[in-house]
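Presented sequentially are two complexes of chain A, the first with chain B as partner and the second with chain C.
So, the complex of A and B:
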């Protein structure tokens, strides 16, 4: 029998707000344990939550990007459970009325677009972190993360493979980065997902019992966990059994999922309305204001690069994976009209520079005007493409206070337009290879390329290729 | 008789040089020492209070401007935070716990130079109507030490009754300020929900809790309210509604239309002498030119069950934070996380608190939520609608504060449900979030115990309620 995999995701996105969801503690990643904890974060007696409105704005941004219905009246609920890293003994979340309902996101899987429906998105606060294995039998608790604002995005069971999960997570990460609402960094836990996995015979119109695999904090683990889980479920069904609905933990070291709790042992979270937070009511005008300030979405930017700036689909893709290169390109495109050249410069020089230096694009010491000047020098034939890329760009990085033209001048990289000099280079190339001249003249016109190369070698790249070509043809006849 | 019945008298004595602030603090400290057997205070901050008084006297001599409450000595209930001072909610689970911050109410009073003399005993986590569920043992009624003072702010009421401070801060979730005020013969006032910030008030039922005051005079009630009330960044449920100068508008009161709830006065649980006292009170108002009319009310018997469903639900969640992990009592017997929770909470909480946590956990459980919590919320809504309907015609609603006078110590530990039912007249104000005040209304003849009558006003009607009460 052939089986179909059915997957729904619960994606947790940590928001990049200045402070926590319900108090003013910082949420900066990587601080010493338990240093970003006020009495409120610690759940001390007498403390109360206060909503960070930025969290709501961010949720609205995501809702607008996904075409979700926005709940203007937002209420909060308490989800009650005991755990050592949950200071209040409950988590503030939205159970009855999530901020966003519905919506969809398009992903590209193996070159084809597919729409994944969103069930809802709700706001909640994160718990702290527990570290169990460093000093057995003790566990260590870090409450810096406790109270960090999260959006939980719950999809419909529309995914059919690990590859689709991968595509969705990548697209979602791209989206939250464009929206400036999260850094989407899975290693630091800014994005995590729980996968609800089930199988059914291909073509069946029912769903199988699902298992929830918890806390997958990298795409590699998610893929492995799903592959393992699908095989496990198929084995059970093939053997005539029924998959038990349960919550599973994935162990990356063994690649195996193990039961955390069964349906019968499922927590009873005793949700009820959070009495400490009155409903927050948004107006249509507030939503419109958020909409007005919305950054462009990746799809829109990519489209703009292709239609308005006439970039190839390939280059447009490369430049829009992350929001920073796309924004950089759009700014650069205001300083030059040679868009293709600007794209090439970014892809071949600027992006690799950022990667090697480990610095953001905004840290590039060169202004858009300087980069435009660099492009113009090539376009106008003043510096050859190869010299520009091999020499001039590095020289500019080392001396950002100097103009590109000046650097080319000082280093003797300007292409020569001196007729005599050019004739001399051509003459040298021809004199050195009498055999090739004969061959050319007897019909091997392809050798023009060889002579071009020789002239370039002799001129150290300074010869203007157009003129050289013209001179060679005249000279070789 | 108390040495001072209003803060104005205290100010006059200081200004005319009859007494220093230190003299006043010393007087109250002597009163505290003389009333040890009533078990009012769980901690007295004698040195600190004396130092504050001394400093105030010096500042006064230097001609400095002092705060509006300079010379006022108050106590705070053991559920209200005061920075670097212990707060334990009368519970073992918070033994030794010091607060890192002051409640907004405490802070605003301190900013006006109030002197806090100590923290008063109370029912554990304010759960009780008798002040007997405290880990520190029961507080006794000064009118008859064999009797309860009421609760949960029982000791706060006795603190004022026994003249150990001029005023006391309590908290009122279902009558916890008004009921002990009635039992102890003082004024007990609970404002509109959201009038005073709850930041720094240990939560019992978050959508019911309000800080309230126990005083000898309406003037002091008004002054304290005026200073504590108002919006607060640390409590989203604290209202931004303007705070009138309550103490300045006590001068006159127009003839009012007052409703009394007929089924309340005909309730089988109502003591005959209490009923007679209530009728006498209503007659007095009538002779003062106010209109007094009976209204029908068919929700009376639903209020208590709905109240206990909702408050215990909230409490079961509010008290989850007391888990032995970050602060408070942690069992030394626990071997793992689960045992840390179970043993710390088993050892730390008393019987009444456990009963309410279990009840609240039950009513929120899957499969029971709709039958209990959701229905109780509907009762709450109906009650609010009905009270608002009455307030469309009437200025105030008048009720006895309690169906009986204070009962003997130990009695209600046997029968908690009977104790719950004794809150019948006070919980409506909390369910609907309305301001209410209990005024001394005389003596219960056969026991010679104090009695109180209660006036309830529409939301944010504190100014007219206090003015009316002042002019009775």
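So, the complex of A and C:
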């Protein structure tokens, strides 16, 4: 029998606020253990949580981007469970009335668009971190992360393969980065997902029992975990069994999923309204104000690059994967009108520079005006494309205080339009290869390229290719 | 709802309590009485009554996103049953 994989995701996005969800501890990543804590995050009695306004604003921003309905009145609940890295014994989350309901996101899978429906988005807080392996029989707890603001995005079971999960996570990461609400960094745990995986006979209109694979913090692991889980479930069903609904852990070192919660009682979260936090009541005006300040969405920016700046679809894609290059391009496009050249400069020089140096684009020591000058030197034929890209750009990086034109001048990179000098180069190239000249004259016109190359070699790239071409044709006859 | 031994032991487990046989019997009586009262309340007609969740009418107790009020590590760890000066130390638990 052929089976179909059915997957729904719970995506946790850690928000890039300054402080925690319900108290004012810092959430900076990588600080010394237990230094970003307070009476509230430690769960001491007699303390009261207060919602971080920024978390609410970010939730609304995401809802607007996904076309979700915003619950103008939404409330918090307690999710009760025992774990050493959860000091209060409950997690503050939203169960009955989450901040956003519905919505959808379009992903591209194998070149085709597909819409994934969103069930809801809710605000909640993260737990602390446990370290298990350093000193048996103890676990060590760091509560810096306890109380970090999260948004959980719960999708409908609309995904059908690991590739679609990959596409959704990538698109979601791009979106949260454009919205400036999270760095979307999976390695640092800023974005993680739980996958609800089930199988059913292809074409069936019911869902099979689902298993929840927890805490997948990289796309590679998510893909492997799903592949393993699907095979495991098919084997059970083929053998006439029933898949037990359970929570699983994926071990990246073995590639195997194993039950995480052996006691089914642990699933009994006993949700109830959080009495310490009054309801959130929003007005349409507040939502409208956030909408007005919304950054451009990736799809919109991509469209703008294609229609307004006439970039190829390919270049537009490359420049809009991340928000920074897109913003950089839009700023650069204000300094020059050679948009295509600007895109090429970014793709071939500026983005690789950022990657090699491990620095953000904003750290480039050259101004937009300098980059525009670089582009103009090529466009006006003053510096050849190859010299500009191979020599001039690095020279500019090494001496950002000098103008591009000046650097080209002192390094003798300006293209020559001196007719005499050019004629000499052409002459040299021709006299060196009498055989090729004969061949050209007897009809092998393709050899013009060879002579061009020779002239460029002799002139060290300084000859203006247009003029050389013209001179060569005249000279060769 | 019937309060039986099985339910008591499930609650015991959820609340991470270890109860003696006498305590369990006492709890069984108490819970039966409490649920009895709740059952009585459930007979009331509350069709047109909004559920009362919050005891006052305040909404939107929110704060600006600024860092403040942190405590240092020494103070944070001071009241812990066990710690090593950097971390809280607890019996090893992996399975939830």
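Throughout what follows, the second predicted complex is superposed on the first by the 472 of 477 C-alpha atoms of A that agree within 3 Å, B and C clash if a C-alpha of one lies under 4 Å from a C-alpha of the other, contacts with A are read in each partner's own complex, and residues count from 1 in each chain.
Simple rule for what comes next: a contact is a pair of C-beta atoms (placed from the backbone, for glycine too) under 8 Å apart; a residue touches a chain by one contact, two chains touch by 3 or more.
The shown structure was predicted, so the numbers you read here are calculated from the model rather than taken from an experiment.
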{"item": "First (chain B), second (chain C), both or neither touched by A:43", "value": "first"}
{"item": "First, second, both or neither for A:35, with chain B first and chain C second", "value": "second"}
{"item": "A:365 touches, of chain B and chain C: first, second, both or neither?", "value": "neither"}
{"item": "Residue contacts on chain A - larger count, chain B or chain C", "value": "C"}
{"item": "First (chain B), second (chain C), both or neither touched by A:275", "value": "both"}
{"item": "Contacts of A:90 with chain B and chain C, given as first, second, both or neither", "value": "first"}
{"item": "First, second, both or neither for A:26, with chain B first and chain C second", "value": "second"}
{"item": "First (chain B), second (chain C), both or neither touched by A:260", "value": "second"}
{"item": "Partner chain in contact with A:67 - chain B first, chain C second, else both or neither", "value": "neither"}
{"item": "Partner chain(s) touched by A:78 [first = chain B, second = chain C, both, neither]", "value": "first"}
{"item": "Chain B/chain C common contact set on chain A", "value": "39, 42, 50-51, 82, 84, 139, 141, 268, 270, 275, 277-278"}
{"item": "Complex contact set, residues of chain A against chain C", "value": "17-19, 23-26, 32-39, 42, 50-56, 75, 81-84, 130-132, 136-143, 260-263, 265-266, 268, 270, 273, 275, 277-281"}
{"item": "Chain A to chain B touching residues, read off their complex", "value": "39, 42-51, 78, 80, 82, 84, 87-90, 139, 141, 268, 270-272, 275-278"}
{"item": "Complex contact set, residues of chain B against chain A", "value": "80-81, 87, 89, 94, 97, 99-101, 103, 198-203, 205-207, 233-237, 313-314, 316-317, 319-323, 325-327, 337, 341, 361, 364-366, 369, 373"}
{"item": "Footprint of chain A on chain C - complex, ascending", "value": "10, 13-14, 16, 53-56, 58-73, 76-77, 84, 86-96"}
